[in-house]
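Let me begin by presenting the structure, written as structure tokens, before commenting on it.
In this document, chain identifiers A, B, C and D correspond to the written order of the chains, with residue numbering beginning at 1 in each.
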Amino acid sequence: MDFATLIQILDSTVRLATPLLFACLAGLFSERAGVFDIGLEGKMLAAAFLSGAVAAVTGNVWLGMFAGIGASLLMAAIHGLASITFRGNQLISGVAINFLAAGLTVLLGQNWFGLGGRTPALTSGGRFEPIILPFAEAMAPVPVLGPIYSELISGHSFPVYLAWAMVPATAWLLYRTRFGLRLRAVGENPAAVDTAGVSVTAIRYAAVAICGVLCGLAGAYLATGLAAGFGKDMTAGRGFIALAALIFAKWRPWYALGACLLFGFLEAVGNRFPNIDLGLIVLPAQFMQALPYILTVVILAGFVGKAIPPRAGGEPYVKER
Amino acid sequence: MTVQANAGRPDSAAPPAPPAIELRGISKAFGPVQANKDISIRVARGSIHGIIGENGAGKSTLMSILYGFYRADSGEILIGGQPTAIPDSQAAIRAGIGMVFQHFKLVQNFTVLENVILGAEGGAMLRGAMTRARQSLLDLARDYELDVNPDAVVEDLSVGHQQRVEILKALYRQADILILDEPTGVLTPPEADQLFRILRGLKDQGKTVILITHKLREIMEITDTVSVMRRGEMVATVKTAETGPEQLAELMVGRKVLLRVEKRPATPGRPVLEVENLTLRDGQGVERLRGISLSIRAGEILGIAGVAGNGQSELLEVLGGYARASGSVRLNGQPLDLSGREDAATRRAQGIGHVPEDRQARGLIMDFSAWENAAFGYHNAPEFQKSNILMDNDAIRADTVSKMERYDVRPPIPTLAAKNFSGGNQQKIVVAREMDRNPDLLLIGQPTRGVDIGAIEFIHKQIVALRDAGKAVLLVSVELDEIMSLSDRIAVMFDGRIMGERDPATTDERDLGLLMAGVVQ
Amino acid sequence: EPALIFDLGGKFDKSFNEAAFNGAQRWAEETGGSYKELEMQSEAQREQALRRLAEAGANPVVMTGFAFGDVLGQVAPDFPDTKFAIIDMVVDLPNVKSVVFTEEQGSYLVGMMAAMASKTGTVGFIGGMDIPLIRKFACGYAQGVKAANPDATIVANMTGTTPAAWNDPVKGGELTRAQKSQGADVIYAAAGGTGIGVLQTAADEGILSIGVDSNQNHLHPGKVLTSMLKRVDNAVYSAFTEGTDLQPGINVMDLAAGGVGYALDDNNAELVTEEMKAAVDAASEQIASGALAVHDYMTDETCPALTF
Amino acid sequence: MTAMPKWADAVLVPLISLLIAFVISGLVILAIGENPMEAMRIMVSGALGSTYGWGYTLYYATNFIFTGLAVSVAFHAGLFNIGGEGQAGVGGLGVALACLYIPWPHWSLALAAALVASAVFGAAWAAIPAWLQAKRGSHIVITTIMFNFIASALLVYVLVNILRPTGSMDASSARFAEHLRLPRLNEILALVGIPFNNRNPANISFLLGLVACVAVWVLMWRTRLGYELRAFGKSEKAAVYAGISPVKITMAAMLISGALAGMMAVNTVMGEAQRLILNSVEGAGFIGIAVALMGRSHPFGVLLAALLFGFLYQGGAELALWTKIPRELIVVIQALVILFTGALDNMVRRPVETLFLMARKGR
């Protein structure tokens, strides 16, 4: 594989990893606070739909983005209500949200646009445009560094840079601030937080809301950054991959970046090499397409060490039976 | 029992100031359970106030209400004479109340410092808070002999140190009133002494301490006043100096209690259990058992004393068949496989009965009915099978009815779920199940933990009866009184080792206490 | 009253089903007639849908998609008085009209155009799932490419293995970029909703794309080289027009019959050079006259120009 | 003492939850400009108004019975098997292989073989996630999701490259021999003189589903394995104390679960399509989760819930047929049913509990 190919694969990796990264960090906030979330997929889908719809109608990508975040927050609110206030089963709530988003997006989309759930294609103002970093043109001819800067680092759209910035921001928030301390504590031992005079409910809702915002960004990036509009079921399982990445990352922000990049990379490689000729046998395309999932299983099988989830994760906080 | 001469100043000189705390007519129900009924109590400023009562009497509930963890259904709280609403713990902390819970409320994988500042960070950023807290921990350590490494991760600390962290948490929040809920249950006698020194020091600084305990000895030793609770009600508040253990016990239970077990001298027979050089490492590779050797003969009770967490649980787990270990164990002369190939079912078939330490987490399935629980672990027994595949539920139910009658389980309803029985009756179900099969060896952990006095008497009698029937009993308990009164021989465990063996007739609590703290004479 | 049943992709897939829908609409507008239409919810409904429409008196019943073939074989004999038309599949029954398209011929033409428009000598193909129909497209395309430029390289990708493969514009876009990075500067998409992403990204990245089934040139004027037309709309239109007199038998909608072709309109007029047009039209005539045979993947499941 | 009688928890609470879900669904229908009452009428008459509608309802319900039971069995053991989709898909492969490659003289033999094959294939597909959970602690929710993806890749490969008859356009296997067609429900009912529509796919598999319900009930509440499974699901610690092997139970529960999910394929592949097609499971594996939740993991509850979802499916199909309401409405209704009966059930339970408590105190 030559250098240019590598750069291109990595470039593709960055793009493919971005929605995963948003969703993975979203899950990180929620799960670090003790609220498990398999509804990432549904929140992303809802966000992708509404951001696509609003961007199409207004022609303004920012309005679209905020609308997407709003849709995702609404789903997050349902999840919060079910798993925090009403102490329901968090997995079930997640499943319900996935179905709800899958149905509602098409139902409303068809009702509004009559395009079978698709939103109208976005024109320039309705989409995130690539941002060319300073000196990208000038740097391009420089060997090695040039392509890395001008092709790999420069030329992505706003959400990509935001996603990368979210990683140190998350780490900082989690490990350096009061909120982060409380959030991590709530996922480990909510009673400790409660007896320290801090509301478990408030922290968990805050975490779920942050999760909603980040899923909203993930969805908005899908519909208005990577694609030019919403298409039915366009998340195509990315929420589940983000969840796997989260576990792989052991619920830590920098590891999350690594995990999402790995999954993005696997997909990029699969795209680039649809089938691999091993001389004796040709690995069929189906195998290459299943490879990310197979590798996920292999990784989860514990060959990279066991992931211990937040101790209070998945359990509603019950003071009085 | 030793009372250090005048460690606490007599209060008699104190002027009649408003009490530090006054509770008026507090009531609290958990669903259908009335945990507190119209409770009123006054706690004088600068005193140590004891609260005693049977399990489930409502002590922890009352204190949790004071600390804002629960909300009372009705009643009033006065702090320093001022009516104060305490809707949550934040309000309690503001009112100067700190609480050390029976089950610690610490974040296990946080450092001491992180735990201490949690909820009292004093700013949105952690850095400043960390520095300030580090300094004030040093000060507190100096003032009250409360040493802990601020950077240690809590899960690596001993229980005693974890408790200090809890106290530090309260003091860091500048608590004037400190509530301790059964603080000594998990401590060695020397650690308990150390705690009492700290409490007296706090009292000297003018702080008010409320101490919940089951141990009458401690009440007599350290408190100024004592309140007694029974079934959710406050039955009496008396000056400690004006009462004695017998009167308190009677107030607690509502009748005269015999605090001793009647038994004849043992007539030990052949060895039933022989353990040699038993060693166990946990998941992290820490040695939990370090070369344990012991033996028990038929018709003998071996009591294992020790502070919780010194390997007793692991010993029971290995012998019960659900932990791996190395070394050798022989039962009736036959070696047992400790490699994990044999499980708890095998052990039962080999003649080992096992009343686990934690009946709610291990001994019972709380959602299962009594009859399902009565076969738990013996569900493979031939008499409970209808065919190769089907179980004979009718046979199990019939058997349960008979056990419930003989072991006085109340109410005797086999279809009631285990969670709907009281703690004592849950324990009776487990005891009945394990003893009724006449095991050659009975492992019994914390047989009376959380069990009321009546049930304690009954269970103790059953244990002695089993011994008299020529069976071997391995008794593990953190209650020294229980160990002393039941055992024929006592072994003391500390840090995964047997520190020594004693004859109950010739030893005393001080002697055992030193062994339990790891001090070898 | 005629009826139309869409395949699982739904009637607004911007290509195959939508073409059928357009044909029906045209008929409705021109004749002022009305028709029944139906989107399915599950596989088991194929038979249900057919029977319900037949029982309700719809005649003829037109369905899109090879997946109906098996079921129609079961249902049609039960309704000897109802006429059925199936698109993309041959069902040999006295009351069934089978309309099949020679996609390989249309794909061949756009393949030629791709090769001629390509400056890099590398062209791309993006399919939805790796199923025979898509291979048929890919194979015809590859032959056309090689015919115009024997040295050309063809990069082919399939999108996925779940039904999501037909609805993943993001992945379509990423595949487009991957193919572009391999040098492809014209990419032919036969991937349903995923193709929308292909066309979009190609436009964004400044390379050319080729639409499929319907005329998709208008989606990105000046950036879609052409579209491989599969006149499903005509098939539906004529079936509706024939009405109850629908002629049973196999109707091969080939190039000669105007069943397939390439799209030329204002949107891509500037992209198609005279030379290109001349070459393609010449090939078109040869194919129509039978002088030039485009190999159909389905006949022997091999492809002379591409390996799968 | 519990605050609420058992029947209230088992029947009243789910019913109220269901009602709320339907009311909100009605609002959704209203919001897209349609008439909810009319929609309800179409659904009821389309799904239950004729033996024809019943046939489809029962056909779908059969799928959901199997996948619902699959999820329930795993649930009882404390395992969340989201992999029903993949297990059923691979089970279908088993059915196809059994029916295509052995010249069975009679459908009954083929049915027996197909049942075994689908169960074995489904169980095998559940075995790896189960083993990883039992031995390596890999989260079964994630691994089963991954196995769904892997299963569909496998199926595409096998169907396109191996099972597809040469020259066929359809990515599906060849049709099974005609004499292997399973008896339809109408044929069976005709034996006892009940007239039933013959143009629907309901077949003998529905009766197998009923048998499976009884079998699962016996398994869970009458056998040692079921006892151990439930004990393990309630408390792993206690189970180990009782000599119940977590590895064994995890494997057993998931293998049974996978087998049940796999057997669903007998209905779709052998009963309906009579060949293996791509995506023959069509989400029934996921619906199984909802069915198990609503049925409170009890076989009888699963049966009722499966019938409800069968009704939703068939009713929804009719709705899509006769109105402009898109088929996705059904997905929304499903979501709401899952949400209110599964995740938000405390929202209903608490007030009901309070009512009972008040009633008791009042006495």
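Simple rule for what comes next: a contact is a pair of C-beta atoms (placed from the backbone, for glycine too) under 8 Å apart; a residue touches a chain by one contact, two chains touch by 3 or more.
Computed from a predicted model, the values in this text were never measured in an experiment.
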| item | value |
| --- | --- |
| From subunit B, the most remote chain by mean C-alpha position | C |
| Best-connected chain pair, where connection means C-beta pairs in contact | A-D |
| Centre distance in Å when subunit A and subunit C are each reduced to the mean of their C-alpha atoms | 35 |
| Length of the line joining the C-alpha centres of subunit B and subunit D, rounded to whole Å | 47 |
| Distance from the mean Cα position of subunit B to that of subunit A, given in whole angstrom | 46 |
| Residues of subunit C engaged with two or more neighbouring chains | 130, 161-162 |
| Per-residue multi-chain contacts in subunit B, two or more chains | 31 |
| Multi-partner residues of subunit D (at least 2 other chains) | 149, 153, 156-157, 326, 330 |
| Chains that touch, pairwise | A-B, A-C, A-D, B-D, C-D |
| Subunit C residues touching subunit D - in the complex, by the definition given at the top | 38-45, 47-49, 51-52, 66-67, 69-70, 78, 88-89, 129-133, 136, 161-163, 298-299, 301 |
| Residues of subunit B defined as touching subunit D within the complex | 31-32, 320-322, 343-348, 354, 356, 361-368, 372, 376-377, 379-380, 385, 389-391, 393, 420 |
| Of all residues in subunit A, those that touch subunit D in their complex | 38, 78, 81-83, 86-93, 95-100, 102-104, 106-108, 110-111, 117, 237, 240, 243-244, 247, 284, 286-287, 289-290, 293-294, 296-297, 300-302, 306-307, 309 |
| Of all residues in subunit A, those that touch subunit B in their complex | 175-182, 184-185, 188-189, 191-199, 311, 319-321 |
| Of subunit D, residues touching subunit A in the complex | 28, 32-33, 80, 128-129, 132, 136-139, 141-143, 145-147, 149-150, 153-154, 156-157, 161, 286, 289-290, 293, 326, 328-336, 338-339, 342-347, 350 |
